[in-house]
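Each chain carries a letter (A, B, C and D) given by its place in the written order, and its residues are counted from 1.
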Amino acid sequence: MAKTKTIYEKSNGLSDAHLSYCPGCTHGIIHKLVAECLVELDVLDRTIGISSVGCSALNYDFFSCDMQQAAHGRAPAVATGIKRVKPDSIVFTYQGDGDLASIGIAEAIHAAHRGENVTIVFVNNAIYGMTGGQMAPTTLIGQKTTTSPDGREEAHSGLPLKISEMMATIPGATYIERVSVHNPKHVIKAKKALKKAFEIQKNKQGFTLIEFISTCPVNWGMKPKDAVDWAVDNMIPYYPLGVFKDKTNEEAN
Amino acid sequence: MLDEKLIVAGFGGQGVMLTGQLLSYCATNKDINTLWFPSYGPETRGGTANCSVTISDETVNSPVISKPDSLMIFNKPSLAKFMPKLKKDGNLVVNASLVKDLDFREDVNVYEIEANDIALKLGNLKAANMVMLGAYLAITKIFTNKEIVAVMKEKFTGEKAQFIDLNKQALEAGKKAVETSA
Amino acid sequence: MAKVLMKGNEAMALAAIKAGADAFYGYPITPQNELPEYMSKHMKEHGRVFLQSESEVAAINMIYGAAGAGARVITSSSSPGIALKQEGISYMAGAELPAVIVNVMRGGPGLGGIQPSQGDYKQITRGGGNGDYYLYSLAPESLQEAVDLIKESFDIADYFRNPVMIAVDGLIGQMMEPVDFELETPKWDLPKKTWATDGNQKGRDKNIINSLYLDPNDLEKHDLKLKKKYDEMKRDHQRYELINMDKADIAIVAFGSTARVCRTSIQLLEEEGINCGMIRPITIYPFPSKAFDEIPKSVKDLLVVEMNTGQMIDDVKIVNEGKLPIHFYGRSGGIVPEAEEIVEKVKEIMGGE
Amino acid sequence: MKRITIIAGHYGSGKSEICTNLAFKHKVDYIVDLDIINPYFRTRSLHQEFEDAGIHLVESTIKKKLSSDLPYISGESAIPFLNKELTAIYDLGGTENGGRVLIQFSDKIDHFEDIDLLYVVNIFRMETNTVAKIVKSIKNLENEAQLKVTGLINNTNLLKETTEEMIKEGETILTSVAKELDLPIVYTVIHESLDQQKDYSGKVIRLKRLIADKFL
């Protein structure tokens, strides 16, 4: 028998359920990173994840830890409720830009404001995917969606909301970073950021949010490769990558 | 049989609520049925405030007092509002320092107590409510001053404890005011 | 412990602490503020959680999360705030999560007023949020009853895995009465919460808290499972009190503090030689239909008395099945009816025959 | 019928019913539901029927989750473009937004000869009741889908109130569209209950309403 060598394995943090994401969507990569971080930090069996409403609504089936499904926008409140009664658990929410930046902005801000010791995985693809491509608060100027058919106009809908920058202004927040997963180098960087966030939570150092620049080839009307290029060329210039707040660093200085 | 329905009314800040509560606390200590119900909301912050107190050997049913047996009135607007509801031959205890030169009903027992002036003489205007309470207790004899002071000792802890002596004097002064006017 | 004199809102808070509430999440609104205020002082002493949320919407979702994690949870609010919580309440019923929700009702609609009201009767008894669900809803008339029911309600919520609503009004929230916290209340036989997402997955499969069923067949099955609970509530857990019904010529139907006012009316009528009885629903959901089977032949009329413009009257009509004439007397806007007004109404009905 | 037929058109123009009728008639290998816009009245409600007929249904939603509001494009939906042995019908979502999905396959289409993109018109839909509106809709769709429409389907109907005069009226308008865009009218749809007396442009599909019957 020929010798086989395992060079890649699916993380234990993911179940065997089929992911319900379109080809080229980066949700899959982000799921993998969340799962790997939880396993590597050895916290999977005390983690409670919160699914939101959006394309990731069914991810309570995908992660292999305990999961709660929350109402649209309310995941940070649900996370707060859990974390306060189970302070030793690891709690994360997984939210898209419609869920977090629009209907759930109050819950997100106040979870940060209270310094809740939870981690928000925020996936920003500048559009509502689940409902078929409507405009989000993070939709770029000029970007066409089903509810901005002529492209988003500032005079009508304002300028796209920069969540990481905004959350970084909240005194209670501990760590805010924006990352991208458009190439392997950035995937590795993104994982580092996410792992740091979960470590901060593990050390009970407070609120963390990692914003992922993501793509939606189907609703953007692009091939997966073009969507990645579009994100790099259009989203990253407006939504620059980097650490926007790191209290752990400030404290060290 | 004990069945007393009292309304205490005045400005917010005159100690109207506390006056009523002391009576209910005292009833509870003596295992007598009681119910205290306040007006609540913006009026308690500067407007008129009132509370209803029922003290009874029987089970207290309706929390709403439509025909009070007694009134403790701390200001003019309260007199206008509640005097018409007072039962015939009921007790009307008024703070005569603030409610002056008014026509009182002829079919009720009116007790005009210069509560503010008496309290000022004792050194603190805030004790006027206790002067009124002392007078009310002297009239109705529901509880003794001693019993009320016992409640205060239980409830006024910390910084508030220093006022117990003053309040005790005020209760006595109220009692005296009734006895001398009678 | 002897009886203590407490304000309704505080007494309900202490009752919850005594019942082992692990967490309270809520948002300020008159006339229930003394409840969270009491919690903020005393939950900490017991090593429990108190948190003031940013909104009622957030509060109920915190309750959802904590209940899902297996904790005993309570929230309180007043009418407009309860309306805001409806989304979360529906999700909790859907995800089968237990919780105790106190509604200290005030006048509505909209911002309404802050004085006592029973204007949320329909919102409470018809579910309130979206979908096919109900809340086991208790309407105490006194502080003692409120305390006893709150102590038991955590068990009821756990037993049914469904939120329980404590429906009182501003009167009960604000008044003070002597209460005995040590009275025995029924203890329900409760299974372990093996379904909870409690962050301790060692040695068990993962748990999921969810109200999403995309397949219509799955959702119908789930709805029918929930319906079974509501059917059991209706069959086995109706609560009511019959007052002075033996020789009554007329019967009042009233709940909560209105029923209490009616007790005085009944006494006043008795003094005038009129036999008036009362059916007092303690559960407003399930509505106590069984009480109406016990109405003696002597009763010729029913008088529904409410602190609203007539909401429970529909339930009375349903269970009465057209047998007796139904009359209504109500005050709304925050006005509590006086006993004498109800006496007049009874006399008017009886004189009219 | 070409190896791959993609059916597009406005909401409620009758796309899905035509797709299912054609799929059963021609016993295609694949029927692909690409409607990520609206979860109601979709081909996947006939899941079992397709399976029985040996037609493979590719759903635009989570497997076997009927009428779920969670659309996604399955990787499987690209297979007929890659495997030239297979015949397939694609059911697009309504309006030009539904056409956007086709971009996902653009790099898998190397020649267009065996692909039809047919545009369904019911002139009783307000969005497509004039020549100008229809032409504009088609251009918008082509722009979003980055594919050329290759033919028209006249599906003029008012459900049970449809008369042959109405269908002829639709044909008049569609003939003008066809002339302007240099497109053929490939099919005319007539419900099976209507007694056909007249001749029509293109082939006639005697339509059996399969999806709506499940709902109505």
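Going forward, a contact is a pair of C-beta atoms (placed from the backbone, for glycine too) under 8 Å apart; a residue touches a chain by one contact, two chains touch by 3 or more.
Just so it is clear, the structure is predicted and the values come from calculations on it, not from any experiment.
Participant: Write down the chain pair with more C-beta contact pairs when B-C is set against A-D.
Facilitator: Result of the comparison of B-C and A-D: B-C.
Participant: Please find which chain has its CA centre nearest to the centre of all protein CA atoms in view.
Facilitator: C
Participant: Quick one: chain A and chain D, Cα centre-to-centre, how many Å?
Facilitator: The computed centroid separation for chain A versus chain D comes out at 37 Å.
Participant: Once you find the CA centre of chain C and the CA centre of chain D, what distance in Å lies between them?
Facilitator: 54
Participant: Report the inter-chain centroid distance for chain A and chain B in whole angstrom, where each centroid is the mean of the CA atoms.
Facilitator: Inter-chain centre distance comes to 62 Å.
Participant: Give me the residues of chain D that touch two or more other chains.
Facilitator: 62, 69-70
Participant: Would you mind listing the residues of chain B that make contact with two or more other chains?
Facilitator: Residues of chain B touching two or more partner chains: there are none.
Participant: For chain A, which residues are shared contacts with two or more other chains?
Facilitator: Correct list: 57-58.
Participant: Enumerate the contact residues on chain B facing chain C in the complex.
Facilitator: 21, 24-25, 27-28, 31, 33-38, 40-41, 60-64, 66
Participant: Write out the stretch or stretches of chain C touching chain B in their complex.
Facilitator: Residues 2-5, 30-31, 114-115, 170-171, 174-178, 257, 260-261, 263-265, 267, 336-340 of chain C touch chain B in their complex.
Participant: Name, in rising order, each residue of chain D that touches chain A in their complex.
Facilitator: Where chain D meets chain A, its residues are 36-38, 62-63, 69-75, 78, 93, 97, 100-101, 103-104, 106-107, 144.
Participant: So in the complex, the part of chain A that touches chain D is made up of which residues?
Facilitator: My answer: residues 18, 20-24, 55, 57-58, 130-133, 146, 217-219, 221-224.
Participant: Enumerate the contact residues on chain C facing chain A in the complex.
Facilitator: 22-23, 25, 49, 51, 53-55, 57-59, 61-69, 71, 73, 87-88, 91, 95, 197-202, 206-212, 214
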